[in-house]
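My structure is below; once you've seen it, I'll send some questions.
The chains carry the letters A, B and C, assigned in the order they are written, with residues numbered from 1 in each.
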Amino acid sequence: MKAGRPAFPEWVRRLPEYLMIWVPLLLSAAHLVSFSLWTIWISFTPSTLVPVTGWVGLRNYSAVGASRNWQIALDNLLLFGISFVVLSAATGLVLAILLDQRIRGENVLRSVFLYPLAVSFVVTGTVWSWLLNPGLGIQKLVHDLGWTSFKFDWLIDRDMAIWTIVVAAIWQSSGFAMALFLAGLRSVDADIIKAAQIDGAGPIRMYRRIILPSLWPITITVVVIQLQFAISTFDLVRALTNGGPGIATQLPALVVYDLMFQRSLLGRGAAAAVLMLLILLAVLLPYAAWRYVRRRRSSHA
Amino acid sequence: MRERTFAPSRVLIYLIVLLVAAAWLAPLVVVVLNSLRTNEEIAQGSMIGWPQHLAWSNYAAAWSGFCVAETCAGIRPYMLNSALVTIPATIFSTLLGAVAGYAVSLWRFRGDTWIYGIVTLGLFLPQQMRLLPWTIVLRDIGLINTLAGLVLIHTIQGLSFTTLFCRNYYVAIPHDLIRAARIDGAGFFRIFWRIVLPLSPPILIVTVIWQFTHIWNEFLYGVTFTSGQQQPVTAALIALSAAVADIPQHGVQSAAVIIAALPTLLIYVLGGRYFVRGLTAGAVK
Amino acid sequence: MPITTTRRRLLAGSVATLALPAFARAQGAVKPRLTVISQWSAGSDGAAITALGKKFEEKGGVWQHSPVPGFTTEMMNKLRAQIMAGDPPACSQLKGPEIAAWSKIAPTVDLDALVAAAGYEKVVAPDLAKLHKPGGKWIALPLQIYSTNMLFLSKRAMDKAKADKIPVTWADFNDLAEKMKAGGVAFPIANGGTRPDDGQKFEAALAGISPLAYRAAMMNLEKKALEGPEIKAAFAQVRKIADWMDPNVGAQHFSTNLKRFIDGDMGMMIMGGWAQGVLRNAGFKFEDFIIAPGPSDNSKPVFLLNADAFIFWQRKEADLQAGQTLMAQLVMDPAIQTMYSQITGSIPVRTDVDLSGEGWSEGQRTTAKALKDAIASNQAVLSMAHNMAQENGMTAAMIDVITEYVKNKTIKPEQAAARLAEAVESSR
């Protein structure tokens, strides 16, 4: 690229850079778009074991919509999604604030809260299924220690089982929320804090008035990432409750996999997947709009 | 709060943090204890308990003893398979994501917002939905049942995350720096190499940690697109847990879980500090 | 038995050679090779298929097994990927009506000549044979049989109940459970709570109440039978069973309860014959429990058939074809079936294998006799819970209703019966 060399045409000279930029991005975008379109197409076909051509209109969609599994899965998603996102964000925030108090052993403690992220969902699900099973885990331990009226049987309780998934999911992923919040706390301008202290603001007021409001953008990021986690939760539930007791803890991702591969109803599974995508879009579009507005505002400022 | 305050409140803070930490560690402790108990001991008692004798043999069995059908080599060969997929896929997706993130944040070109938007949507496309399309793609390019096929899948899927995080990080690099370099005649790669890459370690550590753990822990593609001897470590773990017609091998299973999780645990423990630092610098814009 | 076995095998081998010049030529010219996909990776399943592979290698073959650990679904994902890639395994594990379904998506091998040469058709239960020849030709071969409704009785629990009679009908069974409860057995039933486990409780109840109704409702999906009184009665029986179980079992595998079962804290278990292999591997003694046919109200044994099988996919390679011939001969071989069943605790598919010799347990003998009797009285039916009666989609829809019923005691038997009929209708 040195000057003085015989000049190549501009585009030849810049070819490597075009390739480096476009090939990976286009491959990634192409696979996402084509896979989504493919799934949408399959959802209108009578495919069962393998993809086939044909047209059944909305029959797959009405079959999915009418199934009890899907209805329960949607209810659960609403409950699980909201409670998990709120509780894991809250846990992450509290942990981040506590870790930000210049405490000793911060490195060790941070590792303790982060390590579940390193563990696979299957392992998390399996281990929590041991701990939460009343006949094997915590309840049995407490009984063996002598407190025999102790009861902790959410795992086998239809109404409470979904909360076991919330517990395991919080354990697994609130470390990520903590890391993000901690990152946010560390980037709050030290001068502003100093100034507030000079004004005589106490710690609680300082958090309420200055620090927490500055965490707002991070909170949105945390919420979106955790929501995405909630919607695609699959391995964890499969290992922890496998949708039970009965079908009480079905979730959309579980239903999609079940229909597509276990029941060999590819068309219906694809329809469920498309419905899931629509739910995702319903969550993501407002977020994208919010980001857009925010960017516009900051570029105008 | 950055200032040291008076003692009682600090005692309370330590108390809370230590309690939560204990709760967070409990599952690990249970698995470690179980890895030192024999299968019979666990079967006859509870899942939570103190080892009667330290059954180190569980680790020997997990590492190189237990059988997956004809192959009685423990978890060892599967660890190698996972490494052969995870390491290249992590490197490729991180590097390509860094270049892409750099291009869309600092270099700007026609259509960058659109393509960036689509690529990041990939974070949200469910795994299960992509299984069959990948089957067709791998068939058509002849990479089914090869580790290269898995590397390709994880590289392309990983780009969504790495591009997003790198882009968010690079946005904060002052544009004047780039502009000045361009006026000096530096090209795309030179600026990347000389200016952007030296600033990147914090965010690259985040993406490497993220990609490594996700690919290492992946199961669905790992068993569908490999054959017998090439399966990833997660397949061997499932083989230990899913024996329908056998007594549960909880002792050996626990030992295998710990061995299989060592690489990712190590990466989080060693990289945890940088993880937060990298996020501070990048991910939250 | 060894002498007759060898002679029959030699005979079968020579007839096959005469009847199949193409195969024979292939076999003579090349080293037989076999690519196999199965989910059998651990425990006695893994040990048994490993032993089969060894036999294959002893005959000069190259054995290339690719186990897919996990649920059957993952094995099927793998198989589907191979088929879609135009590279199916020479042979793969598949069972029940799935054999017919999958045979429509890729060409299979016509095994008629080999089956005829081995005289296999005569020694296979008729309902079972039908599943393996969906288009009228044999394309798959069953390898081993389990009954899903064997009754396991804990001797210590029997002592506590002061009972020594093995229950024959559901009324006997219920009596014994009450007696056990009164005698201090904490939980008269020791079953687990997985989806197939819940399905088994229902199928055992229905088939025991009326094999005819079972055949009509579960196997033929007749609307009238699905709305019949037997279904309600079966659900009522399932409720009793569920009430006698430890509620804490949740969705755990039945093996979590084996110790309490042997100790007499739990009394009975309705489980497949494989439980015997599990009990043996867990170090429990055969003297501590009794195996009997599941309850049957007409007093003749009802046998709920569950059979593992191999399907053979068409391949052009001469060595794979030779491998398929060799594998088919091995699978039908009584000596191989004996070896396989003795490892897993199942019984051979061949009804002509003599189980009186060494290496067989009392439970296996009981099971084999139950199968013979059940076939004679036309009471050998296909298991719904283990995907033998219907394709996976239909089975899963039925088990949804059943498992919800088992776990939710507020659902009435009539409601469950209506839901079952509804689930079948919407899955047709």
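The rule is short, and it goes like this: a residue touches a chain if its C-beta (ideal position, glycine included) is under 8 Å from a C-beta of that chain, and two chains touch if they have at least 3 such contacts.
These numbers come from a predicted model, not from an experiment.
Chains that touch both chain A and chain C are the following: B. Summarising the inter-chain layout, the chain whose CA centre lies farthest from the centre of chain A is C. Distance between chain centres (mean CA atoms), chain B to chain C: 39 Å.
Once the centre of each chain is set as its mean CA position, chain A and chain B turn out to be 15 Å apart. Residue positions of chain B with contacts to 2 or more other chains are 131-132, 219, 238. Residue positions of chain C touching 2 or more other chains, listed in rising order: 71, 77, 80, 84, 256. Within chain A, the positions touching two or more other chains are listed as 133, 136, 257, 261. Interface of chain B with chain A (complex): residues 1-5, 10, 13-14, 16-17, 20-21, 24-28, 30-31, 46-49, 96-97, 99-100, 103-104, 107, 109, 115-119, 121-133, 137, 156-157, 159-160, 163, 185, 187-190, 213, 216-217, 219, 234, 237-238, 241, 250, 257, 261, 264-265, 267-269, 272-273, 275-277, 279-281, 283-285. If you check the complex, the residues on chain B that touch chain C are 40, 43-44, 66-70, 131-132, 135-136, 138-139, 144-145, 219-220, 223-225, 227-228, 231, 235-236, 238-240, 242-249. Touching chain B in their complex are the following residues of chain A: 1, 3, 14, 16-17, 20-21, 24-29, 31-36, 38-39, 51, 95, 98-103, 107, 109-124, 126-128, 130-131, 133, 136-138, 140-141, 144, 171, 179-180, 182-184, 186-187, 190, 193, 197, 203, 206-207, 217-218, 221, 228, 231-232, 234-235, 253, 256-257, 260-261, 266, 270, 273, 276-277, 280, 284, 288. Every residue of chain C that touches chain A in the complex is listed here, in rising order: 71-73, 76-77, 80, 83-84, 101-102, 104-105, 193-195, 246-252, 256, 391-393, 396-397, 400, 403-408, 426. Across the complex, chain B is touched by residues 38, 40-47, 49-50, 53, 63-71, 74, 77-78, 80-82, 84-87, 253, 255-256, 258-259, 274, 277-278, 281-283, 344-345 of chain C.
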